[in-house]
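Labels run A, B and C following the written order; every chain starts at residue 1.
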Amino acid sequence: MAEQNGAAEKEQISQSYWSLVWWKFKKSKTAVIGGIVVIAFYLFCGLLAEFVAPYTLQQQTEYLEARPQPIVFKNKEGNFSLRPAVYGLDEEIDMATRKRTYVVNKENIYPLRLFVRAEPYKLFGLIPMKIHFFGVNPDNSDAHVFLFGTDRLGRDIFSRIIYGGRLSLLVGLIGQALTLILGLSLGVISGYYGGSVDILVQRLTEFVTAFPREPLFMALAAAIPPKWSPIAVYFMLTLILAFVQWGGLARQVRSLILSLREQEYVLAATSFGASDSRIMFRHLMPGTMSHVIVILTLMIPSMILSETALSWLGLGLRPPLTSWGVLLQEVGSVRAIRFAPWLLIPVPFVLLAILSFNMLGDGLRDALDPYGGR
Amino acid sequence: MVEQRSDNIILDVRGLKKYFPIRSGFFRQVTGHVKAVDDVSFYVREGETLGLVGESGCGKTTASRTVMRLYDPTGGDAFFKTEKFSASGEPEMVNLFELDKEQMKVIRRDISMIFQDPVNSLNPRMSVFDIVAEPMVIHGMGAGPETEETVISLLERVGLRPEHIRRYPHEFSGGQRQRIGLARALSLHPKLIFCDEPVSALDVSIQAQTLNLMQDLQSDFDLAYLFVAHDLSVVQHISDRVAVMYVGKIAEMAESNELYNNPLHPYTEALMTAVPKPDPKYQSERVIMQGDVADPSNPPPGCYFHPRCKYAKDICSQQEPEFRELRPDHFVACHRAEELDLRGV
Amino acid sequence: MEPLVEVKNLNVEFDVRDGIVHAVDGVSFTVHRGRTLGVIGESGCGKSITAKTIMQMVPKPGEITSGEVLFHYRDKYDPEGDIEVINITNLDPDGRRIRKIRGGEIGMIFQEPMSSLTPVYTSGTLIGEALHLHRLVPKTVGEEMAQNIKEYRHVTDEEAREISIEMLRKVGIPKPEQRVDSYAHQLSGGQRQRVMIAIALSCRPAMLIADEPTTALDVSIEAQILDLMADLQETVDMAIMFITHDLGVIAEVADEIVVMYMGKQVETADATELYYNPLHPYTRALLKSIPQIGKRSTQRLASIKGMVPDPFNLPSGCVFHPRCPEYMPGKCDRIVPKWTEVEEGHYARCLLYEEV
């Protein structure tokens, strides 16, 4: 959302203003790194998940709860090579616990290859393709690569994290789009008209924001009929998240509008007979855009976290839909942590995504505010 | 001022009042009023400049904005000469305060405004083209490529270059921004422009340019100006007639030279002698006004000026003076106007 | 006339993203004890920076690249003492010495009286703060002895309050006993400026720098403040450096006038001489471009053509040449004019008065 807004505004606003913003933004190293990571997440998880992941989402292998394979730089003969490879895994039954485990078999070395042919998929849901970004020799049916191990059903966790990121990150975007529509329009109307409209909107936002967030989420999420399709549940969930979020944005937009509407250019427009909607949308709203972008960027992490938390509690997304929260739901027991700690690998991804959003948002705030064109 | 003035008057404001409520307490109930403009009457002739001077907070800006219906008037009438609503096509006086929103929008083509702050009065996120063309767009006259030609010719008329059309306000200096504001004000071919302190934020050398430009535009387009300012020398330079305001009321109104040479109100005298003269040899014999401007929410009884007036008598603190035409075209609100012999500049 | 502050060939540069701005370029003048020097110029001409340099308060990223500011220091509690010449540009901007001079020897008042008074303190506290820093009172050992001992101590809180009330009375604030406990927002614009003056004068500075002190005020209040400053100057024998863009105000207050344009000093002369015999075309144009009250004519104002140039991209030669009515092609755009004494005590920077 943030990127889209930025691009849309760029066209109507002076190049020199945006070049100043860009110059200030570039000066902050953390913001640039955050921005790159965020873009990478949306690119690799959002758009190209099928291509990046070596396996498809539900593809099951015979390796159940296999540990992550270490990456080594050896060729098939065991000599050093720049091409990374993984050792094969051999199944073993631990006699003490009667549990199946996997040990690394250093005899089998599967070199990793780029652009291998594997399971067919449709890129962007349209283009049928077979090429995956990386993988092992597809002709050898024994060869496998599980960078982060597998789950109980033998599904590759790395692939599932990539796919899960798509839904988790998309919650942020779709949810923020709804927040934007609700918060911005109500904020502008409330700030511009003032009086009883303002009081009404203010009380409404206070009402919504006064609820303790997590119980409200849970109540609303629990109210979703179980018969609904997972997709419907997903959209309902984003709607709920947006519904809880918009109040904060509306308030900040309102206070911005209150100061902007005192500017003489608003008076000037009124004196030429401009209509209320023209003043609100042509004169006042563009002035809030830079702040809105920042607020939205800084709000996305809490949305992602809420989705993750709800799904982890089993109130959010349900399989077969896969998000980071759903992945973490599988680690809901001590047993899983004891015997398959690699199932927790989604956590660092959640942390990284949230950290990057915050770094990007902070950088944007510094770059856009105070408004440099004055 | 009761009879209808017919001699080429374009704007005739009578008994204009604008009170702002003071709210306080938990329920925000109205506990008083700031009488920003209180029973003000003035008129502007076609093609002339009426200067409206006074110290800050005297209500001069509020008066012009209320006539423009940017604020809702508390009372009074404002007659504007227009042919827009007449069946015969002949211009007639229309009371602006009785028009509805749509009718007022039609009038807004004939009256436009320029503002004091050249930074704030232009939307920083709109290009010069968008700013100047906006009034035309609002009135449905801004379609097609000829708009750009119109904007360019307007820019050239105010001394800007055609290539400025794609730039943004912050790329211009204060004087140039004021020119953009002028181009915008002219875009609908108005008959009357309300100028709210148009040069007070500008540097001395730019002030002169802008004033000259405004005079040129006035004669070219036969414009009338209502020139609101606090700088007495600027107002004298540009105005045909001048009205002096003090705490929401007009103290004196007369033809410019008449007012500056033969003031009838003690406030006018004090104000004019207070202006520093650009002449080191000039020994000022100024009438220093003691104290501060009266509070418009709690004005003194009688004449609002009496606590600062050195000529004040008992009557001044008891009775409010009437705004009357003492000499032809010379109005004053002072009990002692006939007997006092005041100095001009 | 006794010199108090001598500014010699002062240069201040600002190194910003778009390049280097020469904010003050070779400015020289002398402020004499008990006299008023007026500095006039349009916005951005460097007049405020010059004033701040005298206080060693150049805002970042500005830097004094050359020149000196000589302050002729005399202990005000020892009028017979020797005069020590201090070069202010050599002092550490955060050091003890300069902090003694700021406020104690050189006071300053600003244009915007609302923002220059801290809103959370009463006027009494603000004056008291300055008094505690800079004002000394004789140690009372005995009436006669005090005169001989010449020992001083800092004021106590009660004394500070008394002096504050006295100062407020002096600057013409009604009911000073009550006003001493007022906050900035309870005072009117004129009263705030009076409090500013009271703060600046409470420590008996040898010089007062007034940076556009009346610009934000109404004419009637402006007249009051100008009168007040003239009265105070007579009673306390203080030099004033008066910075403004208003040619009327400066004519009224100044004994000597410095005209600045784009960081350069273009003309300096006695006030009457400058107004009646302006030498530099910029000064002439400026004087002609202001409408004069009481002299209404139907004529147009003589305006200066063009705009103030971009400080990053100054014109070659004389910086005023693109706007100058007496531009000499081939000369003014090539040769940088020198600071010349054209008539006695009347300096200008213009090629009209140079043999080239």
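Keep in mind that, in the parts below, a residue touches a chain if its C-beta (ideal position, glycine included) is under 8 Å from a C-beta of that chain, and two chains touch if they have at least 3 such contacts.
Note that the structure is a prediction, hence the values are computed from the model and not measured.
Colleague: Where's the contact count highest, between which chains?
Modeller: By number of C-beta pairs in contact, the leading chain pair is B-C.
Colleague: Among all chains, whose Cα centre is located farthest from the one for subunit B?
Modeller: A
Colleague: Measure off the straight-line distance from the CA centroid of subunit A to the CA centroid of subunit C, and report it in whole Å.
Modeller: That pair's centroid distance is 59 Å.
Colleague: How many Å are there between the centre of subunit A and the centre of subunit B, using C-alpha atoms for each centre?
Modeller: 57
Colleague: How many Å are there between the centre of subunit B and the centre of subunit C, using C-alpha atoms for each centre?
Modeller: Roughly 34 Å separates the two chain centres.
Colleague: Which residues, counting only subunit C, touch subunit B once they are in their complex?
Modeller: 42-43, 174, 188-191, 218-224, 226-227, 245-249, 251-252, 254, 271-272, 274-276, 285-287, 289-294, 296, 300-305, 307-308
Colleague: Within the complex, which stretch of subunit A touches subunit B?
Modeller: 12-14, 16-17, 263-265, 267-275, 278, 283, 286-287, 371, 373-374
Colleague: Help me check something: in the complex, which residues belonging to subunit B touch subunit C?
Modeller: 55-56, 173, 175-176, 203-209, 211-212, 215, 230, 232-234, 236-238, 256-257, 260-261, 270-272, 274-282, 284, 286, 288-289, 291-293, 344-345
Colleague: Which residues of subunit B touch subunit A once you look at their complex with the stated criterion?
Modeller: Residue positions touching the partner: 65, 68, 70, 104-105, 108-109, 111-113, 115-117, 119-125, 127, 134-135, 138-139, 167-168, 170-171, 181, 184, 188, 194.
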